[in-house]
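The structures considered in this document are given below.
Common to both upcoming complexes is chain A, partnered first by chain B, then by chain C.
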Partner chain A sequence: MIAKVYKESDIATFFNKLLEEYNIIAPKKKKQLYEFNEVNDFGEVALDYSTTILPPKKYLIPQKETLLRFTKNEIVSEEPQFKKKQVIFGIHACDLNAFLLLDKVFMDKFPCPRYVKRRRNLITIALTCNNPSETCFCESMGTGPTPSKGYDLLLTKINEEYLIESGSETGEKLVKLAKGKEASPKDFEGKKKVVELTKQKFKRRIDVRNLPDLIQKNLNHELWRLLGEVDLACGQCVLSCPTCYCFDVRDELNLSLDGGTRYKEWDACFLLEFAEVALGGNFRRDRAARVRQFMGHNLGWGGASQYNVFNGELKCVGCGRCIKTCPVGIDITEVAAVIKGEKNVSQVTALKNILANIGEKNARSI
Partner chain B sequence: MQDPYELSECTIKKIKPETKDTNTYTLAFLNNSSISEDEFKPGRFILLSIFGFGEAAFSLSSLIQNGAFETTIRKVGNFTQKLHSCKKGDKLYMRGPYGEGWPLDEAKGKDVLLIAGGIGLAPLKPVIMHIAKNRSKYGKLEILYGARAPSDMIFTSEFENWRKIPNSILSLTVDAVPKGVKWSYKVGVVPILFDDMETTPDDAIVMTCGPEIMMRFVVKGLTAKGFSEDQIYVSLERRMKCGIAQCGHCQIGKKYVCKDGPVFAYSEIKGLPDLTI
Partner chain C sequence: MTGCAGCQMEFLRLEDELLDLLKNVEISYFVMAKRVNLEGPYDAAFIEGSISTPRELNELRELREKSKILIAFGDCACTGCIPSILNWVPPAVSAKVYEDFSAIHSKKESFQRIIPLKEFVKVDIELRGCPPHKNLILEVVKSALIQRKPFLRIHPVCIECKLKENVCLLTFEGRPCMGPVTAAGCGALCPSLNRICEGCYGPMSDANAKSLAETFLNKCGLSKDDIARKFRKYSGLTSALFEEANKSYEY
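For the complex of A and B:
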């Protein structure tokens, strides 16, 4: 590992050198919020961001992508083409850990050539988070505020300087692009302090111990039924989740009907049609079952459990986007707390809201 | 790197009507080299493609023979409607086979009890063929088959052949017999056949496929008779978009029907969410 310390002004120099060779995606300010987007000048980059509105998963799994094109005589498999390598600059630990989870799903057992190509084309420059938002809880999920693996480079802002650590050969080459002095033990001490300070800022937490077992044992918990009453099944939590990877595969015909494309696009287990089978059957017709599926997949039955590669790690990385985006205030950390027995259902925000509006008696009999 | 969505071309060699809405299609690859018997293990499934209509999963209803295999398909939706308009010689595309099949190795030396409902007999037919072909390796073969009405029974032309398999029994039942139809077997739902069943829990393996509600009563009836939950294997149905445990549609708790199943020991899936068995 190479570790250097850059002055703040050297980061801009470093960034501009990267721009000469790579396409850069970085957090940008969008009104009062942040989003990942292509950046052409360091001035646009908001390294003091908290969480972005949407996760960067679209750079690995586009919302819609073509698998193949077909005509009457021919099928052509489609793959993304890149002129330049892509850098994701300033990605937080939660989103980086989400990438590592997606890697296990799409690269381990049946590698998807499109995903592999995008992933191999992507350089990750991570950033230790020092500005968690109200809804963040990566610390208790063990996925932040600083990543321990999976980055090419890791930046940590310490006072007016940045500690730059390489995590791969690519990172080692990149770190030499700007001037900087060799990092000293004092700098690593500084990083430790930044991380400790950030940890104190978290307002939400999940106690993950035994959680998968407890979810499995509480499949009939009244919480699911009650959340099912409140939930709108809009699917925003799924679309804003950095690790939700479920998709649909569909065909689209040309207007002339002589050919078309087969594409895959994001899908959400919160939507009614998701678990539909033949003859109108549906294994998750009730919203309660769909809330349970989303929470269960995130906190119970694991990330890439389909290939036993997750060794019990949970799918949730604690980015808090699902909490932030939920129109009725369903909070995954509260769900965990109820399942753990730390809270009772009447303390759950989404239920409190409805109880306050129409009264407990009516709410229970919806 | 092989694209998991790559398709193989096959042609319809034969279409055999089974009931008014169900046909058995004999399909053969245009490229014979990609066929192996092991891949076509009974209980596995394929994804068939018709461009513009997408893909759908179907179980194999025969062993592979002379480079061809069968799949038995009921007309229930857009895709199957389109498929039923296909003719002999038409080209189809497929991926697979995928998934885990029936526990034929584990069943060696044991009695085999097959319990099917409706089109659920389709994925069990290759088991019957396999046992007939390797008769000495298995004990008694008992088949219990039920359908809504006599006209909904599939593979009726095979019944006589199956009865000729040494040490085998075929028992039939229907939910109801319409007026004027001759029926000399039982009437009632599948578990009614348990009354006269010869297979006992000692040293037997049960394989069952049918509507989930039927399998629920099958499991209940069998466990009451002393069969253990790991002796009973069920084949589940879920819609699948990938077949390789990525799209999430067939997820049931930790299990993926496409990769871990479609065949599961009941003990393996008992207690999972969103199951009605």
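For the complex of A and C:
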């Protein structure tokens, strides 16, 4: 491992050197939030960001991609093509850990050639998070605020300087692009302090011990039914989840009807049509069942033994996007707390209104 | 039928695709675009507008007889759309606005209501939107040609909005966006331009109107009247929004 210390101005130099050779993706400001996007100037990069609207999974699993083109006589497969290597700059530990989980889905037992190609083309320059948003809880999931593996380079801002550590051979080569001084034990102490300070900023947490088992045992908990009542099924949580990977495959015909394309696009288990089968049958017709599916997959069966893709790790990485974006304020940490028995249903924020109404009705009927 | 003819315009907006389309399709009857029109029978009929007079109803029944596939074309045909606001306007209001009803057929004749097609005849395909996006029109035409169920996603606008990575206007700005109960198809046109969704594609497949009404009430500070008006603007007649709108507001 090589570790150096860059001044802030060195980071800009480093970034510009990267720009000459690579296609760079970094967090950018968008209204009051942030998004990962292509960047052509260091001035656009918002390294003090908390979290982005959509996770960077969009660069590994595109929202919509063509799989093949067909005519009556011929089928031609489409593969991702790259002119340059892609660098994702400033990715936080939660999203990096999400990449590692997606790798298990798409690279381990049944490798997806498109995913593998994209993943191999991606260089990850991670950033220790020092600005968690109100809804973040990666610390309690063991996935942040700084990554322990999976990066090519890791930046940590310590006062006005950046500690830069390599995590791979690619990283070791990159780190030489700008001049910096050799890191000293004092700098690593500094990093430790930054991480400690960040950890104190977290407002939400999930106690993950036994959680998968408890979810399995509580499939009929009244919490699900009540959440089904407030839930809008808008699907924002699924799309903004860095580890949700469901998709749909469809054929689209040309107008001349002599050929067409087969494409793959993001789908979401929160949508009614997701579990629909022939003749209108549906395995998850109730919203409650769909809420349970999303929460259960993230906190339960993502880590349970019978669905062993994740080797016991939970699918949730604590990025907090699903909580942040939910119009009705459904909070996965509260859901976990209810399942763990740390809270009761009446303490779940999203349910307060409907519980109040039910109370009123009950009172009236008496 | 009763509508603004905007859906027909959308058909003409297929400029780039129209010539290719005509290789496989013959348009028999389209008064807005054709000089010579044929009286049928038809393989597929795109019927735009809702029913507001007995004459329209007779015409609709005739068309049903003559057509193998009947497509309710646009929101007026599917849900009543904006004209359906009439259904909640008390007669006294109309009387104040129009001194003389003689030129208004829907007022003069016995209906006095706006009613979507499926209340009278069997509708094979509902092509939603005010107007439907041209890609949806093409999907329906292509599907009809190969005798397949068209792939019309009626999941919420939020999906298309999120894919464009917009900042959620409801969550982050507390604005009363109809996205969560409205069917997609437009590509989240309005929210992408920083305007809230008005609901012009009708209710999505699993609209939770009750919860959205409560969110409007508590988070956006809307009055119950406002909520009813929002729910009734495009699809107040649909079962998904009807009850909630009525609960919130009664004349």
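One rule holds for everything that comes next: the second predicted complex is superposed on the first by the 346 of 366 C-alpha atoms of A that agree within 3 Å, B and C clash if a C-alpha of one lies under 4 Å from a C-alpha of the other, contacts with A are read in each partner's own complex, and residues count from 1 in each chain.
Keep this in mind: a residue touches a chain if its C-beta (ideal position, glycine included) is under 8 Å from a C-beta of that chain, and two chains touch if they have at least 3 such contacts.
No experiment lies behind these values; they were computed from the predicted model shown.
Put chain B and chain C next to each other and count what each touches on chain A; the higher total goes to B.
Touch criterion met: A:Leu253 reaches chain B and chain C at once. When the two structures are aligned on the shared chain, A:Pro327 is found in touch with chain C, with no touch to chain B. Applying the stated contact rule after C-alpha superposition, one finds that A:Arg287 touches chain C and leaves chain B untouched. By the touch criterion stated above, A:Trp266 is placed in contact with chain C alone, chain B being left untouched.
Legend: residue contacts after superposition of the two complexes on their common chain; A:Leu54 is shown touching chain C, with no touch to chain B.
After overlaying the two complexes on the shared chain, residue contacts for A:Cys112 are found with chain B alone; chain C is out of touch. Legend: residue contacts after superposition of the two complexes on their common chain; A:Lys31 is shown touching chain C, with no touch to chain B. With both structures placed on the common chain, the touch criterion links A:Ala275 to chain B but leaves chain C unconnected.
Comparing the two complexes, residues 250, 253, 257 of chain A contact chain B in one case and chain C in the other. Within the complex formed with chain C, the chain A residues making contact are 30-33, 35, 53-54, 63, 229-236, 239-240, 250, 253, 255-257, 266, 268, 271-273, 287, 324-328, 353-354.
Those residues of chain C that touch chain A in the complex are listed here as 17, 20-21, 23-24, 138, 142, 145-146, 151, 153-156, 158-159, 162-163, 165-168, 170-172, 179-181, 205-206, 208, 210-212, 214-215, 218-219.
Within the complex formed with chain A, the residues of chain B that make contact are 1-7, 51-55, 76-77, 80, 93, 237-239, 241-242, 244-249, 251-254, 256, 259-260, 271, 273-276.
In the complex of the two chains, the chain A residues touching chain B come out as 67-68, 70, 75, 77, 105-106, 109-113, 116, 216, 219, 245-251, 253, 257, 259-260, 262, 264, 267, 269, 274-279, 283-284, 289, 292-293, 296-297, 300-302, 305-307.
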